[in-house]
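So, here's a batch of structures to check.
You will see two complexes here that share chain A, one where it goes with chain B and one where it goes with chain C.
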Partner chain A sequence: MTPIQRGILALFLAAPAAALAQQPLTAVEEIERYRAALADGNPAELWEARGEAIWKEKRGPKNASLEQCDLGRGPGVVKGAYTVLPKYFKDTDKVEDLESRLVSCMVMLQGFTPEQAKKDPYGSPGKKVAMDALVAYVTSESRGMKMNVATSHPKEAEAYELGKKMFYFRGGPHDFACATCHGVDNQRIRLQDLPNLTKQEDAQKAYTAWPAYRVSQGELRSFQWRLYDCFRQQRFPELEFVSPASIALTMFLAKNSNGGTFNAPSIKR
Partner chain B sequence: MADPMKIRANMVGDKVEVKVLMAHEMETGQRKDAKGATIPAWFIQNVTATHNGKTVLSAEWGPAVAKNPFLSFRFAGGKPGDKVQITWTDNKGDKRTDEATVA
Partner chain C sequence: MKKTLVAAIILAGCAGMTDRSDSENTAKALALMQASFKESGQAKLDRLVQDEVQRVCSEYSGSRPVPKDVAAAIEKSQLATIKYPADGKYLGDWKNGERIAQTGVGMQFSDTAGAAAGGNCYACHQLSKEELSYGTIGPSLYNFGKLRGFTPEMQKYAYGKVYNSEAYSACSNMPRFGHKGILTEQQLRDVTALLMDPASPVNK
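So, the complex of A and B:
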C-alpha cells in the first residue's frame, strides 16, 4: 500500500471514529473494536453447549460416552487439556492433537471405525457436525490457562521438527511457504493482519485465538480447519484431516505459543 | 429439533438485562446453492420474552437478521430468582422455548 492510499484509508476510517473519540483509530484498532463489539454475543457458545451434550451422550456401536476419554491430563479430564496438546499418547503410540485424539477416543471408547469418526470434519451451512462442537467444548475448558506443550518424548520432538520444516517449505504453483506470509512483520491480506509466527508474542496471540467462530461463514472453525484452509490458500495439495502432517504443523505452532494465555473459542470477522 | 438457546439474565441496576443467543440458519431466500437452485427462506419470524408469565418483549423478525442471532434487551420490574422465558417461531413453524433464572 502506498503512503497516499494509506492516508486515504486513514481518513476514511477516521471519519466515523472521530465522532466517538478524539483520537482517530488505526485500521487495526478499528478491527479490534469490531471484535470487542461482537465478543459479547459470541455464537461459539452455542457450539460449546452442543459439544458438552455430545461429550456426555452415549453414541456409537458400544453405546458409550466420551467422558472417559484421555485428552492428555488423564481419563475424563477436560479442564486444561487443550493447553498440553498435541501430545504423545501411549495407547495409540502417536503424537495427537485434539481433533485426532477425539477420533481415537471415538474409535476406542465408542466403537466407531476410523473412517466413521473422521467422516465429517467440518460443518457447513445446514450441516452440523459433532467434531466442531466437541472441539468448541473441550477448548472452552482451557480458557484463561497458559499453553504448556511439551516436546520431551522423542516422537513429540520429531513432530515439532517436521512441523518446523513444513512451515518453511516452499512449494506449490505460487512457490509459497507458510513463512512467506507468516514469517515477516506487518504483512496483511486486505485489512487482516497476518501474525509473524516466528515471533513468540505473535505466535502466542495467534494460536491462543483458535478455534473461532467465523462471522463471515457462520461456523465454528477448528485449528485443523485453519491449517486446511491455509493449505488451500497456498494452493498446496489438500491437507488431510488429522494427518500426521497436520498434527506436526500444529505441534510446531502450539509449542511456539507456550506461555501464552489460551483465550478461545474466539470470534473473527 | 432446534438446538437450545443460550440465555443470560442479570440485574443491571434496577433492571434485568437479558442476553440471548439463538442457533438458527436464518436463510434469506435470496441465496443460491452450488447448482444454482435457490435456497428456500428459513428464518425466525417471531420472538417473545416473558417474565414470570407476562410478556415483556415481542418482536417480528425478517430475513435481514444474521445467522445465529444475538438479542440483548432490558426490562424493569424483575428481581433475582425470577424466570425469563424466550420463545422463537420460524417461518417453517418450528419453535423453541428456553428459560433462564435472573441472577
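So, the complex of A and C:
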C-alpha cells in the first residue's frame, strides 16, 4: 500500500466512524464529502496513463497497436466512444461492450487468440493487467460527455430486453435478483444508498461513475468487474468475462443511463 | 355491444402476442445465462435453475404486481415447507442471534463451503437501537416482540417467517433462510430470540 492509499484509507475509516456517533444521514453526507475531496487526487490517473501507452504500443503476433480499433465511432476514434457502448458491430456480428470490443480488436488487429485476449480480465495486488488500463484510458476520453446508447439494431434491442429479464431473474440459495436491491427508490443496504437502476435519474448517476478506483482494493475496477462481483454477492455462479449475458445486462443498464453525463473513472471507497 | 366485443378480442390478441414474446425472452435470457456463468467453488450452475417461487416471482416484478390468487397459492405452498423444531422451543440465544444478524458471510463462491453462514439481517432491517448501520430494504424490526406480545404463537410466527418468508408475503425480497438451508435450526432459534426474547436489545 502506498502512503497515498494509506492516507485515503485512514480518511475513510475515520470519517464514517466519527459521523456514526451522531446519526445515519450525517454519515452518508460525510461519505459524500470525503468522496468529493478525494476526487482531486484519483489514482485512476495512473491506470489511464498506462492504458494510453498500451493502446499505442505494438503488441501481439501481428506487432500492431490498437490505434485503428473501431470502438463504435469509427476506426481510431477514442473520444466519446464509451458513451455509445454497448453497440452492434458488423465485423463481429455481435453487440459488444467496451471490454468485449477491446478483446475483438486485440484478436483482429494484434493477432492474439480470444483466449489470450481474455486471459487476465481483472487486476489484483501485485498483478497489473492491460485490460484495466485500457478500460481506464478509453473511458477517461468520454469524461464530461452525455451517454447516448442506441437500441436501433435488432440485436441491440434484443440485448436490452434480455438484460432486463436478467435484472429481474431471481435465483440461487438467497432468491436474489439485481432488482432485489436495485429496483426501488430511496433504499439503503446498511448505510450505503442503493440506486434504483430501472429509473433514469438513478441509473445515470450510478452507471456514469464506473469504472472506479476502489480505495479498499487499491485497484481500478471495470464495469465487467462490477457485474462479476454483484453476482458473487447474489450467490450466483461466476459470471464469465465478456460473456453474452454480461453484455446484455450492461446494455440494459447503459441504455437506462442515457442523457447522463459520463464522469469516470471515479473513486470509490 | 359489438364494438366492445371487437375491442375485447383485439385487446386479448395483443395481450397474447405480448405474452408470447415475453415468454420467448424469458427462455432466451435463461439460455444466455446458462452459457455465461461457470461453476466456481460451492456455487454450481444448478443455482441458475429456478424453483417455482423464483420463476413466478421473476415474472411478477417491476411494474407487474403479483395477482392475489398467485400470491395465495405461493403462500400456501411455502407455509407447508416450514419445519418447526421438534421440541417446540423457538427461542435460542439472542446474543448468538445478534452475531448472525451482523454477518452476511456464506454461500458466495468466495466463501468456504460448509462454513456457518450469517443472516445479514442488518443489511436490510433496523433491529437494536444501538446498531446505526442498518439498511431499509425491509421494515424496521425494532421492538418486534414488545409490539406484538411475547406469546408462544408470536414466537412460532417469527420462527416461520425467518424460515420461509414467502409463506407470509409472496415474492418478498427476504431470503428463505430455513427452507434454503442458509441457517441451521439452532441459528434460526437464535435469530428468533433476537426478535422475541424480552431481554434482547431489539425489545429494549
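Everything below uses one rule, namely that the second predicted complex is superposed on the first by the 244 of 269 C-alpha atoms of A that agree within 3 Å, B and C clash if a C-alpha of one lies under 4 Å from a C-alpha of the other, contacts with A are read in each partner's own complex, and residues count from 1 in each chain.
Everything below uses one rule, namely that a contact is a pair of C-beta atoms (placed from the backbone, for glycine too) under 8 Å apart; a residue touches a chain by one contact, two chains touch by 3 or more.
Nothing here was measured: the structure is a model prediction, and the numbers come from that model.
Trainee: If chain A is used to align the two complexes, do chain B and chain C fit next to each other or clash?
Mentor: The answer is fit.
Trainee: Touching A:V149, do we find chain B (first), chain C (second), both, or neither?
Mentor: neither
Trainee: Quick one: classify A:V135 as touching chain B (first), chain C (second), both or neither.
Mentor: Touch partners of A:V135: none, neither chain B nor chain C.
Trainee: Kindly classify A:F169 by the partners it touches after superposition: chain B alone (first), chain C alone (second), both, or neither?
Mentor: second
Trainee: Once the structures are superposed on A, label A:L46 by its partner contacts, choosing first (chain B), second (chain C), both or neither.
Mentor: In the superposition, A:L46 touches chain B alone.
Trainee: Please indicate which partner A:A179 is in contact with in the superposed arrangement: first for chain B, second for chain C, both, or neither.
Mentor: Only chain C; A:A179 stays clear of chain B.
Trainee: Is A:E240 contacted by the first partner chain B, the second partner chain C, both or neither?
Mentor: Second partner only.
Trainee: Quick one: is A:I267 in contact with chain B, with chain C, with both, or with neither? Answer first, second, both or neither.
Mentor: Neither partner.
Trainee: Of chain B and chain C, which one touches more residues of chain A?
Mentor: C
Trainee: State the minimum pairwise Cα distance, in Å, between chain B and chain C in the overlaid complexes.
Mentor: Minimum over all C-alpha pairs of chain B and chain C: 12 Å.
Trainee: Let me check the overlay on chain A: which residues of chain A are in contact with chain B and also with chain C?
Mentor: In chain A, nothing is touched by chain B and also by chain C.
Trainee: In the complex of these two chains, what residues of chain A are touching chain B?
Mentor: Spelled out, the residues of chain A in touch with chain B are 40-43, 45-46, 49-50, 125-126, 128, 215, 218.
Trainee: So in the complex, the part of chain B that touches chain A is made up of which residues?
Mentor: Residues of chain B touching chain A: 3-4, 6, 19, 21, 23, 25, 27, 66-68, 70, 72.
Trainee: If you look only at chain C, which of its residues touch chain A in the complex?
Mentor: Its residues touching chain A are 25-26, 28-30, 32-33, 35-40, 43-45, 47-50, 53-54, 57-58, 61-62, 107-110, 122-124, 132-137, 173, 175-176, 180-182.
Trainee: Note which residues of chain A are touching chain C in the complex, please.
Mentor: 20, 23-24, 27, 158, 161-162, 165-166, 168-177, 179-181, 183-184, 186-192, 194, 198, 231-233, 235-240, 243-246, 248
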